[in-house]
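Lettered A, B, C and D in written order, each chain numbered from 1.
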């Protein structure tokens, strides 16, 4: 395992401190409990708070700022943050209209944010993101995982919150965007958790992991390496099977890198996915390509499709100023 | 009674056991999870064990409460709220009523397990720590209804039940937690949370078995 | 070699088409000869044109847009573009104030852009970027290599050109920024050129390549893997030896990823570099962290320091709208 | 005379030779460069060979000019402008004066080499293709001053000189091109451009040797 680090147990803190220093105009870091807030606290809005295990940067700290998140709670690598972090963050940013948690649907994230909500003195609501179509959603499981679609939910909800909308309205939009968003990913390599020192799983030179999770969890199945068009066809098929959009629908297409896949390949995947989606009669009205929801040092990518409408487009387009997304200001 | 001394000794025993069973636990969450279960539990155990000075003079309910909150803020992930709930629910129960009979102790333990179940909503057969905790609690309750005191037979039976429950997770499909996304690929792998719970239960039982001699 | 691709020889074109499609509001792609221009052609300014071998994305196509480049000429992977590309691009974007080429100092890039300039009918000038301090600059070599500092030169010059400044003024500022910029990189892995199918060089589990180039060229020396602070100390030492800034100087600190190094590690490197530079009495007034000048799929990073002054800061801060850098609009 | 037929035949011979010598050339630019030299040259040779229909009926100067421009737009990298300059300079020279004597032919070749040298500014001893081209050109000029016609001895001497120059690059430090950044690490590796030039020169010489029989 070769990583730029000093000690495994100081790695996260050093990285957070570097992030806060590099974006001192934008964010402030608090330690013990760990959380980040905007450098300039907002007023008169729902406080939108997210977080999760570290290792998915820029999710979520890179999405902290005007038009998106008010606070972020980073856990240890791939480990959900604990309620004390969310309570401290909420106390720091709540400003009279309550707290909206945006939580990726994993047992740990759900339970920790749930307990935080129970302990909060102010009103709160939670939007669960569950865009991953890789795992069949059945009554016997705890529902789908939240992956790169979380970025879209956070942008749209963050934008709405900026207008002063109330808690119920913000949650409703978040849930709505979540329902209209579907993702699936594929890994060409596993990832190596710093404390573990070796990859979470092994992929051979001719293997890929279809439907992989963003914590190095295996996915639907291990398969043979294939040309990009074939991989994309499988991902898009699963996504369209879930969303079943009508021809003529406008969509947002997000091609997300898991960290180690070069931008050249991400744009190649975008090309393939865009053509395929267009051949289904869909209109790609918005696009995003890059590393937004990573999995430590994994090589791989995910495709996310969000069914747009005027409200979602408006909130996607609105000004935002975070480390990872910035436009209109 | 459950005395604070006992709680502290049990924490130490669990901490030691978790440290010495790294090899048994460490890879399990890599096989069917995201590889962090062992370090999460290890971190929690260390944090709890380091609390000794601030817990020594507290009543058992206050100690359990503090331990629960410390575990909640130090473990993280799915294990954090679950393990913390065990302590927090027992803290609340023991504040109302100190256990006297063996049956009282089994009831206290069951309250803790119910706390975990309330938080995680998992039953037996879902390939989680509940596959150890629920059978162990049931056996403890059953044996406590026919025995006045803890003895080596009861402790060994509890250990065997924990072992059995842990091993039973191997061939289960997971319907809770991260492994639920793996489908058939989870089969053949022991659940990490079940394993660490079994190790912890064995540690406390072994401590009591040692004291019995 | 596992890459998301269909055929090696269509990989670049598919990626360019994906890039142009994802940023159709921003750029237009022309093929044969290959070049990209802004979707909305500028008027009454020096046309700033750059380019180079592909494989460094987002350099340079991600820097195409208002406030930065008017046109980009992408060559084959790690292969300088040819004069016909630059001539076609110049014809497309030149608008009366001449053409300024920004060229990374490599023999191929220099010669191809030189020939293009000779063939141009309009007036032109060239800024060579040579910020890499890894290779000793001596009279016996062709000078230092241009690496991540090129991003800074392109931003500052692009900003000045937007004001309508003339060719000589733009070139003068570009050369000045280049002289005030120093970089050095380190690789934890090599990279794999698609047509080659295997890594350019091999690094063992305990080895790193100090002073590596952005085309997978080996660097100053192969060394043992070390903690991040030690690596950063060596990079910063070489940079400061070159720039020799006075205490109290304001600097821009750019921590650039070579593609496969996660953002968490880049911010850890930033933390280490920032503290070290500050201990030298330098003031970090501007920062940039991320993948800006990559080397295909290499794991590694480079540190760049640019000595700021009011003019450079003004042009760094000015509005820009490209795929990779966007602020103020 | 240098006829267009000869130029086309030489292009084909070079293209074949480059294709058949992949193993000898391919790794050299990986060792001391960025790994693209072979595919750059291969692409250029293929592009030139594919031009046959459009060149067949052109005068030699027009053919050389078109070949030079095609190589310029298809090779890329450092090799592109250098190789193209060889053809472009010879195109200009042959337009002014068709070579008649062997010495004229050597002068034409030297003009081409001077074109490369003008563009790349490299001398002998800098670990580049010039370490093949300059000595070969000098030998050709020298032999042409004492011989009326090309013969097998001259061709073999030229081949030997090209081989010698290519091999000489092995232990040189590089002071031009990408390898200049490697310092001592370039030593022990043959320069890729020198190798491909040697292969090309051998191909043309072998073609002429074959015609002589």
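Note that in this section a residue touches a chain if its C-beta (ideal position, glycine included) is under 8 Å from a C-beta of that chain, and two chains touch if they have at least 3 such contacts.
In UniProt terms, the chains line up like this: A, C = Dihydroxyacetone kinase, DhaK subunit.
Here the structure is a predicted model, which means the values were calculated and not measured.
S.K.: Touching both chain A and chain C: give me those chains, sorted by label.
M.R.: For chain A paired with chain C, there are no chains in contact with each.
S.K.: Once you find the CA centre of chain C and the CA centre of chain D, what distance in Å lies between them?
M.R.: Taking the mean C-alpha position of each chain, the two centres sit 32 Å apart.
S.K.: Measuring centre to centre with CA averages, how many angstrom lie between chain A and chain D?
M.R.: 55
S.K.: How far is the middle of chain B from the middle of chain D, if each middle is the mean of its Cα atoms, in Å?
M.R.: The answer is 77 Å.
S.K.: Quick one: which chain pairs are touching?
M.R.: A-B, A-C, C-D
S.K.: Of all residues in chain A, which touch chain C in the complex?
M.R.: My answer: residues 2-7, 11-12, 14-19, 21-23, 54-55, 57-58, 62, 188-189, 205, 208, 225, 227-229, 231, 253, 255, 259-272, 274, 284, 287-289, 291, 294, 296-297, 299, 301, 326-329.
S.K.: Over in the complex, which chain C residues touch chain D? Could you list them?
M.R.: 33, 53, 75-85, 106-108, 111-112, 114-115, 134-136, 140-142, 145, 193, 195-196, 200-201, 213, 215-220
S.K.: Which chain B residues qualify as touching chain A in the complex?
M.R.: Those in contact with chain A are residues 26, 30, 33-36, 39-40, 43, 69, 72-82, 119-120, 175-178, 180-183, 185.
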